[in-house]
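Right after this note come the structures.
The same chain A turns up in both complexes below, where it pairs with chain B and then with chain C.
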Partner chain A sequence: MNQFLSLLLNGLSLGAIYALIALGFVIIFKASEVVTFMQGSLLLLGAYLIARLSEPIGFWAAAAVGIVGTAAAAVLVERLLISRLRGAPVISLAILTIGVDLIILTEITRRIGSDILNVGHPWGGDAVSIGGVGITTNRALAIVVAGILIGAFFIAFKFSSWGIAMRAAAEDGEAAALMGIRLGWVSMVAWLVAGVLAAVAGLFATGSPTPGVTPAIWAVALAALPAAILGGLDSTGGALVGGLIIGVATAMAAGYQDQIAFLGRGFGEVVPYVVMVAVLLVRPSGLFGTRDVTRV
Partner chain B sequence: MMDETHAPILEVRDLAVTYGGVVQALRGVDITVGEGSVVALLGSNGAGKTTLLRTLSGTLKLHKGRVESGEVRYRGSSLKGRDPARCVADGLVQVPEGRRIFSRLTVEENLKAGGLGAKDKSTRAPAQERVYDLFPVLADRRTQRAGLLSGGEQQMLAIGRGLMAGPKLLLLDEPSLGLAPRIIGQIGEVIREINRQGTSVLLVEQNATMALGVADTAFVLDVGKVSLQGPAVELAQSDAVQRLYLGHGAEETEAAAPRAGTRKTLARWKA
Partner chain C sequence: MSDTSTATRLVKGVVLLALLVVLLALPLYVEEFWLRTGFAVFAAIIGAVGLNLLVGTTGQLSLAHAFFLAVGALTYVYVSGDPGGSAIEYGGFGLPPIVGMVAGVVMAGLAGVLFSPIAARLRGIYLGVASLGLVFIGQHLLNTWTSVSGGFNGRLAPAFDLFGFSFGGNEEPYLAVLGVPFGQAERLWYLGLALCALACWFASNLLRSRPGRALQNVRDSEVAASVMGVNVQEYKAKVFLVSSMYAGLAGVLYALSIGSVAPESFSLLLSVQYLAMIVLGGLGSVGGAAMGAAFVSALPLVLQQYSGSLPFIVEPGQPGIVASQAAAFLYGGAIVLVVMFEPGGLAGLARRLKRQPRPPQESPPVSTTSSAPADSSSGGTPR
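Right, the complex of A and B next:
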């Protein structure tokens, strides 16, 4: 039972990190109709900037610069590429983001080499015990911070002018434009928010129990992608739920791997996709996705 | 021209528009909307009505359309190159055809979305009050999802949403489309009321009865050109409009009033 609770807690924390990325994915999809595949490199970029800068300027300043820098990179991609290709086929834009993703990934991989960069989290490798269940401080903070960020996002999404503009633009871009809503502005803010969320995810994804920043953390986004899709590509609530489901499922599969050894070693790695496929078989548009997205 | 008492709020001169450089949608259109007036623009499908509105609201580019020649002047200055957001901020607001409300948003959120383009944020609250005064049914349903409204209510929401930006000139694209005759009569009343409150209106319609009932002047667009124009009352009596758009003989000249039109269309709807 204790093991179960521990896995559940750690899974939720992993899920919180996935949810941050999945949310960014969904926001970008809603605002600019781009299926983006560069969340992984944004996450890596954020973590890399923080790790490189935390020695010279201290962790907190480095975190701020890393988050701002990642958001700026996302906005740059949106301004320089995506916004100029408005009206291009969705598939072209998706492949474009894969290209940008590979460029950033390759460059950062070259810079990191075979090192493992230490982010220098002030909480280091400490652990806390919640009701007798152990979890690293880093993972516990991930839940708290992700919870606050996602909560703030949902409030803004529901009540702020930006939120209304974004939902209006997502539903009917031309009608929103006729209301004087600037679609370019909505899209730019979406990329900015997604950049912030990716950097924060990177900040926690590289903390204990993960050893530090290696190019391999780029793959965290590969698990967040099915989270966004199983939640329903265009549902922000779905991104949160999808992230948590994938996180818990992954943690469980890793924790009980001896019991499920008949499925093969390393089954945990493919769990996100197995869960996604299982959900899509039952609900083809995801848990909370709009079912009539293709209706014109 | 026919509207000497008012300075024009909108002047369209010799406007030609093509799509993709090949399809010619407008070929030299001249239209004037006097300040404070209601102008009806009639025409069948493909006549170029929607293209004209797209040109005015700055959304032509979204449809790969291009102004080849001519000029559009709104309140004395050219609209050339003005994007939709600028148009809205300047008080030129279009209510799109087919309502196009944001069905997943609540009624109130739809209105808020309509107010986002207003230049002056302080006008939003009074604008919302005005819309709720005009359409009490929207006030009753303010927290409901817009998609749950009936067709007529959705059209009212679309018009109310357009009013949120405080338009000086409201462009209405076929507000009667797909609505029951009784509701069309109500829409006509609402357009009159909006105009009474000081907003000029360019009303694009296929329902000539309602449009000519509320308009001061009217233009008939035919394959990209203005084929007829004049005071709405006169146009309603002209043989060509009678034949083409009202579909009956000259005895029903009072068809110009929305009420009369309502009765007439009702018969067809019930058939």
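Right, the complex of A and C next:
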């Protein structure tokens, strides 16, 4: 039972990280109708900047620079590439982001080489105990920070003028534009928010129990794609639920790997995809996604 | 009108014939490196043409191509390979290679058919991400099922032979043409050329026939296609079958080209490379897919070969850019440029160069509906 609770808690913390990234996917999809495959390289960029700068300028300044830098990179991509292709087919835009992702990933992989960069979190590898269930401080903080950020996002989404503009744009872009909503501005802010979320996710994804920044953490963001899809690509709440489901399922599969050994070693890594395919078979638009009404 | 179209077809035929003659004569002149690269390119062209049928013609985004290549390659080595392995034992039937090749194609097709019920339910980008899952699940399967794959280090691929004519290391029976001895590289070149020509011919005929039109109709609008009497689900399942059979054949040739297979080779990166090929070449065009495949698959090999004479490329392990990274930069950048400025890809560029300058009073080409992926028939105006 204790093991179960511990896995559940760790799964939730992993899920919180996934939820941050998945929320980024969903925000970008709603605002600019782009399915971005470059959240992975944004996350890696954020973590890389923080790790490289934390020694010369200290952790907190490095974290700030990393988050701002990643958001700037996301906005740059939106301004230079995506905003000029408004109305292009979804597939072309997705492929475009794959191209950008490839470039950033290759460059950072080249810079990191075979090293493991240490981020130097002030909380290091400490662990806390909540009701007798142990979890690393890093993961506990991840839950708290992700909770605050996601809560703030939902409030902004509901009440701020940007949130209202974005919901209007997602509902009917043309009508929103005619009502004086600047779609370009909405889209740019969406990319900015997604960049911030990716960098924060990168900050926690590279902390204990993960050893540090390696190119492999790019795959973390990739595993958040199933989270966004199974929640429903156009549902912000779905991203949260999807992230938590994927996180808990992954942690459970890794924790009980002796019991499910017949599925092979390292089954935990493919759990997100198995869960996603299973959900999509039953609900082709995800749990909370807008259903496609045409049938052919 | 019919005059010009006959003339165009004539010119096209002559160009293709000339290309074929050059390709047939090439092994008599060029060195082994280029022949080996050529074989890898032929394999990539077959895979890219198959993926293009699915993504370019039918508009179904798939990132699962690497998985179907893996199925083809692994089936080939298992059916035609012998049992062996020192650290990790693996099995094999040791049947003639041609049986293994056919089995590889069939099994890949079967895998495509098994996936198609999922594919048929999903639309657009949902399918793209679900197919992404197939790559990861496939890699896990390969790493786990060591009796087939040989585990992490993989296993050797048996050399190909056809009715006693070997395409492998022993070079029997001895053959020399115009004083050039035909070794492994020359033989594989012709094998690849023949299979590749067949694959392209089949695909271009398919595109011009009734099923091809139906597939394009599905891409442009599923509702419209269904109203016109096209059974959308059936066609989607069939194009998945054909596309994964192409991938299976490409996988078999890939195994022959490398000489061994390892699970690691069939990662997401391979799928991305295939996607890059068809985007660079031009979605929906067979010739474009071939050009894109040649560019993306030959680039790292050529950069590696000439890394000594290229100033910015270094050997692996040294600080700097190694050949595979340089290639990734180049085709990553090329993808961005193509999507931005020439959605028709290399094929669209070729079409544009061929066309006469328009008289000014003629209206500009009308852009098609935004739901059609990078349609090139409208003249490929950048959006």
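Rule of thumb we're sticking to: the second predicted complex is superposed on the first by the 291 of 296 C-alpha atoms of A that agree within 3 Å, B and C clash if a C-alpha of one lies under 4 Å from a C-alpha of the other, contacts with A are read in each partner's own complex, and residues count from 1 in each chain.
Assume contacts are C-beta pairs under 8 Å (C-beta built on N, C-alpha and C of every residue); 3 or more make two chains touch, one makes a residue touch a chain.
This structure is a prediction, so every number in the text was calculated from the model and none was measured.
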In the superposition on chain A, see if there is space for chain B and chain C together, and answer fit or clash. fit
So in the superposed three-chain picture, is A:Leu117 touching just chain B, just chain C, both, or none of them (first/second/both/neither)? neither
Looking at A:Val277, would you say it contacts chain B, chain C, both, or neither? Reply first, second, both or neither. second
First (chain B), second (chain C), both or neither touched by A:Val90: second
According to the stated criteria, A:Ile82 is in contact with first (chain B), second (chain C), both, or neither; which is it? neither
Please indicate which partner A:Leu225 is in contact with in the superposed arrangement: first for chain B, second for chain C, both, or neither. second
Degrees between the directions from chain A toward chain B and toward chain C, using C-alpha centres, nearest 10: 90
Considering only the touch criterion stated at the top, classify A:Ile181 as touching first (chain B), second (chain C), both, or neither. first
According to the contact criterion defined above, which of chain B and chain C contacts more residues of chain A? C
Smallest distance from any CA atom of chain C to any CA atom of chain B, in Å, after fitting: 5
Touching chain A in the complex, chain B uses residues 57, 59, 62, 83-85, 87-89, 93-96, 100-105, 109-110, 112-114, 116-118, 161-162, 164-165
Name, in rising order, each residue of chain A that touches chain B in their complex. 161, 164-165, 167-168, 171-172, 174-182, 290
Which residues, counting only chain A, touch chain C once they are in their complex? 35, 81, 84-96, 98-103, 106-107, 109-110, 222, 225-226, 229, 233, 263-267, 269-270, 272-274, 276-277, 280-281, 284-286, 292, 294, 296
Hey, which residues of chain C end up touching chain A in the complex? 55, 59, 61, 118, 121-126, 128-130, 132-134, 136-137, 139-141, 143-145, 222-223, 225-226, 232-233, 268, 272, 275-276, 279, 321-322, 325, 328-329, 331-336, 339-340, 343, 370-374, 383
